[in-house]
Amino acid sequence: MAIVLGPHRYGKAETRLVRVTRDGETHTLTDLNVSIALSGDLAATHLTGDNSGVLPTDTMKNTVYAFAKKHGVGEPEEFALLLARHFLKTQGQVRAARVAIEAYGWDRLGPHSFRRQGGWTRVAEVVAMAERAQVVSGVTGLTLLNSTASEFHGFVRDRYTTLPETTDRILATAVDARWRHLGTEADWAASFDGALHALTNAFVNTYSLSLQQTLFAMGSYALHERPEIAEIRLALPNKHHYLVDLSVFDLTNDNEVFIAGDRPYGLIEGTVTRDDAPPALTEWYL
Amino acid sequence: MAIVLGPHRYGKAETRLVRVTRDGETHTLTDLNVSIALSGDLAATHLTGDNSGVLPTDTMKNTVYAFAKKHGVGEPEEFALLLARHFLKTQGQVRAARVAIEAYGWDRLGPHSFRRQGGWTRVAEVVAMAERAQVVSGVTGLTLLNSTASEFHGFVRDRYTTLPETTDRILATAVDARWRHLGTEADWAASFDGALHALTNAFVNTYSLSLQQTLFAMGSYALHERPEIAEIRLALPNKHHYLVDLSVFDLTNDNEVFIAGDRPYGLIEGTVTRDDAPPALTEWYL
Amino acid sequence: MAIVLGPHRYGKAETRLVRVTRDGETHTLTDLNVSIALSGDLAATHLTGDNSGVLPTDTMKNTVYAFAKKHGVGEPEEFALLLARHFLKTQGQVRAARVAIEAYGWDRLGPHSFRRQGGWTRVAEVVAMAERAQVVSGVTGLTLLNSTASEFHGFVRDRYTTLPETTDRILATAVDARWRHLGTEADWAASFDGALHALTNAFVNTYSLSLQQTLFAMGSYALHERPEIAEIRLALPNKHHYLVDLSVFDLTNDNEVFIAGDRPYGLIEGTVTRDDAPPALTEWYL
Amino acid sequence: MAIVLGPHRYGKAETRLVRVTRDGETHTLTDLNVSIALSGDLAATHLTGDNSGVLPTDTMKNTVYAFAKKHGVGEPEEFALLLARHFLKTQGQVRAARVAIEAYGWDRLGPHSFRRQGGWTRVAEVVAMAERAQVVSGVTGLTLLNSTASEFHGFVRDRYTTLPETTDRILATAVDARWRHLGTEADWAASFDGALHALTNAFVNTYSLSLQQTLFAMGSYALHERPEIAEIRLALPNKHHYLVDLSVFDLTNDNEVFIAGDRPYGLIEGTVTRDDAPPALTEWYL
């Protein structure tokens, strides 16, 4: 038996880039948080501290800023592909380059004036390897609520079950979604907007008997609407809204007054996929 | 010399209330975080644990939910006034009741469907005392950015000053503002919207030589636009965007590529007031 | 009626300083977060953008780092006094300089090795004005819990009161305390340690009929133990632990199984003071 | 081509449990955050809203509290095993049950008095399946710093590299570690303490040429010391401390004054494993 190095990667996380594009009087703003991770033949630095194969993470940061000037940024998927392919191509010891980007939205207030949105964050995650690359897009923090059209009953009851059945409840969640693209070329802006709208519309329009049902409806509809997507993963916290018992105060509460709970919360996670989707290029470790 | 009790107050903080109003098929949603603090003749519980003058904070929470049903919620200023006056009126030992509310905005997606906004939070703080009440409204987390039309020069230089002067920089801040109303009756929704727009417009339209100048412009314009406001306090972090030196990579950077800094940050705080504004009812302690 | 500038201040917030003192092989570590705010004759920059009285906040940051080298850091109160007096002395337009410091503790693991503590944060806030200076010390995030020796009963009951009385409950809080010193010279380390122990011991040893009673006991004991302290302010969230009703599962729960609640929480705030304490130099605004 | 359901799971996240054990006058405190996720034959609820195989997440929460009373809690690994096996055994449709626990440490101040630690959090993650179970232990938020004995040089330089080589720097990280046990029986408390000390000691005692080298030393030493561990994963942010250039103020800075940076940060991730370790029972999805 020996103790050996297993999977490993390294990089610069959370490089904060704001890129202004000045088109005459009218400016455009891109606001990104870029995280880079490289993997490959990096055993030496782990075993002996020999850094001859280690590109400094400081250099990765510099590259983000230099490329933002040299090539512009464009859509986050594009910029992630550009960066990932650069590190793969120029660093022979690297076998996989992962670039993950969070993009913060801003509303235009004037030619050079903006107000930051806060409702949700767009994300993109690219992995580039010798043979091919993989693009994942997504959204986090998209908080949706239906104040009715949600039931929950017919569930398993065991000796620890006290939950009453309900035919009318609030259903609320903060959508965390990632979808894998079939290819590496797309109209990324249209694809993201389309997926976002599909997810939102499916949430709104599904009469829900469980958050699982809503999850599957959201994923299916996104795949149905966006042929460029191979599969989608959703993590949906069930943001519980507890009906307040007002009867002790001689008041009725017909689903009008709720406590918005913090913890605990249900957490429903699932993947919806095309049955002929090609396998993913990589799992967590590159 | 003796050791004595000084100013004190107590209450229930952060009661999370979601109120659904069902107007036939179309629902309305109000999402609040309510904090209550009472002060008055409360020495006994401090000195001997005699709670005969202490309304439990649990009761305050119950009252929030019961009132939400009984009276509805309306604008946050109204609901805060209602609650504050209730505690003042019904608890003889209470001399001041403070109710602070955060109101989270939701966009409508359908008759009973909503998406939470995230850009900023509306706040209201009411203090009710025997003689009168005071209403403060405000906003937090309103993040604004001008990508030009901001200069900073002509400042003091001492031996620790290394900052270069600039005639073109990004100016960005996350507005934290509170404005005190002259009275306790107003069209609170219109007042808030008007103040928010005044603050935003002044930020956008001020050619800025310092964030202080922008602060005063924002406060003045809000007072100019909204006659119901006596004074306004602004706390404006200077969210620094550092120009990246790309010259080492043979690239120019004409105010295009920036690092969005986290810490440290400038913090500019100030009050703008009418010179005939009546004094505030109360400072921090009730 | 005119719209005018009211109280105002500005400065650099959250300058993160780590200072290593190398005493041969053995190093000492100081880890601070320094926030500076200056006030005085600063109307011009607000009204016209004339910055001739504005020392850049960037210079304040530089001064923190330069002074850390030149003078060393010592206790946070000392370093805050040093910085505040520097700005007051060298900037004629400044009438009050406020320096607030958070100090993060580290445990020693070896001559040059450390593990960051996380239990609580020590704070110091100094205001320097022409005539004199004021030193406030404090602690935040000190979370204490008694699993018994806490009762709550005999309180006011109104129609919204449903809370049962109890003679045995968990009492838990996260202490946020600030104490004002009588002078500007002290053995700051001993003073802080003494105050911290006094607060902690009073919490532990008080058989509590209300958190207010515990608050007063904590403040009194700190003043009793530390003659250099004029007054102390405490903000004590009542971190509720709800007894779980296990009777439906045919289990008793003799104060053994609790839900640790997040929100809402009680918030008990109060000042304990010497009756001959001189007035504070300044309130919130400098 | 069809759109189908892929891997999925659901459960109750972040059930906050405080368990007091009353051994006469002396109490013991356990403070946990319990997250449960079940997977198996759960297609029906996704596809049609048929909940006949869905144990409510509310029931999972109840079970946590009931079991805390009935069986006690013990070490987090034990409690997680107990809960996971319960759900696996009693719910025929469940094929894998995952229970993840965060355990918050408290220092004893008296027979029934405690102060919450804050330095790091102990975690345990159990997956139970029909054939066997898997236990992972870990720690998060363990922040360690060496103020010297760290170098970084000999790295790759490309056209975007500006980082100077150094033979003396601060090395600091916040350890996030998970280690998989070979079996499901162990002295969990001793195992955790041993692993924690091994990780800490290896950090302290490794003269570091790269954080990767330190990572491997930490993992190897933990495996060397604890024969019950099969493999360990480490995610080590490189918490950069930037040396301040004080030469412009005519001051030297011999590794004494540093800026503690927030973002970006390096992120070094790796696994250290026994070469004969059996494969893991499961990856992310159960």
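Should a chain be cited, it is by its letter among A, B, C and D, assigned in written order, with residues numbered from 1 in that chain.
One rule holds in what follows: a residue touches a chain if its C-beta (ideal position, glycine included) is under 8 Å from a C-beta of that chain, and two chains touch if they have at least 3 such contacts.
In UniProt terms, the chains line up like this: A, B, C, D = Uricase.
The model shown is predicted, which means the values in this text are computed figures rather than measured ones.
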| item | value |
| --- | --- |
| Fraction-based call for chain C (Uricase) against chain B (Uricase), same above half, different below | same |
| Pair joined by the larger number of C-beta contacts - A-D, C-D | A-D |
| Centroid-based (C-alpha) most distant chain relative to chain A (Uricase) | C |
| Cα-centroid distance, chain C (Uricase) relative to chain D (Uricase), in whole angstrom | 31 |
| Distance between chain centroids, defined by C-alpha means - chain A (Uricase), chain D (Uricase) (Å) | 22 |
| Junction residues of chain D (Uricase), two or more chains touched | 16, 62, 66, 160, 162, 249, 262-263 |
| Residues of chain C (Uricase) that touch chain D (Uricase) when the two form their complex | 16-22, 27, 29, 31, 62, 65-66, 68-70, 106-107, 109-110, 112-120, 141-149, 170, 200, 203-205, 241, 244, 246, 249, 251-262 |
| Residue numbers on chain B (Uricase) that touch chain D (Uricase), as the complex places them | 159-160, 162, 248-249, 262-263 |
| Residues of chain C (Uricase) that touch chain B (Uricase) when the two form their complex | 1-16, 35, 37, 42, 45-59, 61-63, 66, 90-91, 152-158, 160-163, 208-210, 212-213, 215-216, 219-220, 223-224, 231, 237-238, 263-276, 283-285 |
